[in-house]
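For reference, chains read A, B, C and D in written order, and residue numbers begin at 1 within each chain.
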Amino acid sequence: MISKVVKNAEEAVADIQNGSVLMLGGFGLCGIPENCISALLSSGVKNLTCISNNAGVDDFGIGLLLKTRQVKKMISSYVGENAEFERQLLNGELEVDLVPQGTLAERIRAGGAGIPAFFTPAGYGTEVAEGKEVREFDGKKYLLEAWLKADFSLVKAWKGDTAGNLVFKGTARNFNPMMATAGRVTIAEVEELVPAGTLNPNDIHTPGVFVQRIFQGVNYEKRIEQRTIRQA
Amino acid sequence: MISKVVKNAEEAVADIQNGSVLMLGGFGLCGIPENCISALLSSGVKNLTCISNNAGVDDFGIGLLLKTRQVKKMISSYVGENAEFERQLLNGELEVDLVPQGTLAERIRAGGAGIPAFFTPAGYGTEVAEGKEVREFDGKKYLLEAWLKADFSLVKAWKGDTAGNLVFKGTARNFNPMMATAGRVTIAEVEELVPAGTLNPNDIHTPGVFVQRIFQGVNYEKRIEQRTIRQA
Amino acid sequence: MGLDKIAIAKRIAQEVKDGMYINLGIGIPTLVANYLPEGIDVVLQSENGLLGIGPFPTEDEVDADLINAGKQTVSMIPGSSLFSSADSFAMIRGGHIHLTILGAMEVSENGDIANWKIPGKMVKGMGGAMDLVASAENIIVAMQHKSKDGQSKLLKECTLPLTGIRCVKKIVSDLAVLEVLSEGGFKLLERAPGVSVEEIKASTAGKLIVEGEIPEMRIN
Amino acid sequence: MGLDKIAIAKRIAQEVKDGMYINLGIGIPTLVANYLPEGIDVVLQSENGLLGIGPFPTEDEVDADLINAGKQTVSMIPGSSLFSSADSFAMIRGGHIHLTILGAMEVSENGDIANWKIPGKMVKGMGGAMDLVASAENIIVAMQHKSKDGQSKLLKECTLPLTGIRCVKKIVSDLAVLEVLSEGGFKLLERAPGVSVEEIKASTAGKLIVEGEIPEMRIN
């Protein structure tokens, strides 16, 4: 069998071209593909369209790619927490397409699931509905929304095996599983890469069929945005 | 907190009325809600519409409810292996709506996910397309298909907890997870009922929010339709 | 006068029923969890993929892989479950969450809500708010009755870009508890302690409906 | 003359490439897995929710909770994964399965396929076949070239109710290997050992395209 395992992030992203459409997993800084983002910084690839729920912070996550001006367009649901982002947006240096979070998640799932369009109630009656088909079902109004696909999906899992199977941990799962299904090429970075047969088949979140390249990442920072604690 | 745990199948199905729309999990005889089916037999409830991938065999699964003439209509993808079914169908005593298996699965998911309709390529150009809206996306033709919902969903899981969380085993998962989301009331029977907090939250297939009633079933037969073996 | 944020949260907590699955927005709504009445157990949903939000973790328990939708570190409770964002919004859109409590910049008398965008200011995005308000069977808004410069935020029509239409069922403001009638209009249910009906009338630009005696809220 | 079922399976096995994800229909297609060339590893998908179908289990390994889409007991392999029917058909519909091999009652010269229903006979249902043929990027059909009473099953137009249209890419019958051209027509690629081009012509009711010398299949 052809091996899906690559050495590192640099090898995994080597063929990502200027102008590619990327999906990047994560919610805030939780569950983001840290190693792949670093490798994109090194590769210097430009004019990227990044589909990601958020845009990182000034000095971490997708924020790093914004700083180096490698991103042409973001498709996201929430892009606060990032001053450089704001500057580029207000200067017209960056395009942004804001999508309701549930619609974003479902459009990505639809892309991976071969469903070109579906009806959702989110955004009906708001500016999100502009230009979209409206239809009523059982007395309620819905918008028609289209699938999203990517040239490359960059996802981060907790564990993965050599067959490409992935298991996520905690809320670091978020957008990663759907994105894994919606990339023409899906690259998975994992904290621990194990031999096929090690993971319980019942507990696998992303079946290996969706993953074309996999590697064990290094030096995960896993930065916390809001460290809230209680006294023990 | 109000308890979701009920004593047994009889208690769980007690308020299912004549004419109800039911979803029943399972693929063939694998992963079917055996205890709930027995309880429906005892309750004698009639004129049921059953949404289930298959219709059981003559003397097991939904076949038992067909024999007692409790089923008015089946919505299924494949209904072979059942002579009584065939007899009732040819005599016009039973309505049958045949749906492509993937469309059936997705319509049920849509019912649980608040998506009233979606486009799928399955059945375009065939009699399944009759009366359905056709639309082209990226040069390919798709049919618009509508969600399915049920008054009661009867699902079978391997393990469940008192919060209603479910874990399935092997291919006994099949239609159960989507059906759990698409019932106004979802009843889960499990081989082992454990206290909340016992199952690993990362490994739960059906979050408890979808399950209104849960009980530990008894005397699982788990009949095998095609026992195929190799020599050790 | 009027209620402070904690008192608003306490009053909203009285609306919560045992066994509910609830999504709490950022700000005052998050506080509601701290003031639930005795004997009321609910399950809190976080739209980034967690059902059963526990308290903030202790220093030792902090896990970067376990945050809420406000990106704060959280813990789990017995019975918690984890899932993807697609499954999370399937849960929300499918009507499985009984109650959504969120903040608002404006609410109109027919239940429209605006809470995501102010023209001329940096737009951060709607996050999950549009999905939540379009889907929940019951939506309670926690808000200030008036802006800092004294303008009513309970309007005939919203002036800001909308988040959703005809969706708000109830409002708990610093001045009052109001039901949004399906035929339109804010029906006054309760006054904040020491706040008069006249003051509420003067603070409400949309159609206010006052019938009979209006009791004072009871807040512990 | 012509090929028997095992020989058809062997010939189809030559079409399989290393690393493919494949869905095999019931009957001859299932046999293909037994005749894969040396060094070719593939992953078999079962639409009831299993990726990585292993061999039939030993007596001791039999598990009622582990069956294939033909309802036969199966086993798993290292790297297998399990999922719901919705996720399974998302995988299929999303184009993630490289190759579908299935049987047919009729195929037309533009790639239409009929394999689920015979008018007047009991209808068992289409199962997953309509989803599979509407979605797979490559579809190979295993079939008999003619019916038992000698009628061609490779037609100008199908006479039976369709399963899908313009989807079949290749046919391996007992008599020949044929490519279905996108502009229409069965292009003859190979003859079964001992079968003449004339016999294939006589057995094919749809448009048959014969160009140059047609080699014999090589089957081990």
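One rule holds in what follows: a residue touches a chain if its C-beta (ideal position, glycine included) is under 8 Å from a C-beta of that chain, and two chains touch if they have at least 3 such contacts.
Note that the structure is a prediction, hence the values are computed from the model and not measured.
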item	value
Chain whose mean Cα position lies farthest from chain B	C
Mean-CA-position distance for chain C and chain A (Å)	29
Chain A and chain D: spacing of chain centres that average the CA atoms, whole Å	36
Per-residue overlap in chain D, given as positions that touch at least 2 other chains	82-83, 89-90, 92-93, 135
Chain B residues counted as touching two or more neighbouring chains	106, 109, 113-115, 120-121, 168-170, 202
Every chain pair meeting the contact rule	A-B, A-C, A-D, B-C, B-D
Chain D residues touching chain B - in the complex, by the definition given at the top	46-50, 55-60, 62-74, 82-86, 88-90, 92-93, 112, 122-131, 134-135, 161-166
Complex contacts: residues of chain B adjacent to chain A	106, 110, 113-121, 135, 137-138, 140, 142, 146, 167-170, 200, 202-203
Chain C contact footprint on chain B (complex, rising order)	1-2, 109, 111-115, 161-163, 165, 181, 195-197, 201-202, 204, 207-210
Touch list for chain A against partner chain C, complex	27-31, 53, 76-80, 86, 89-90, 98, 100-106, 108-109, 120-128, 158, 168-178, 205, 222-232
Chain B-facing residues of chain C, complex	18-19, 21, 41, 43, 45, 51-52, 76-83, 87, 89-97, 135
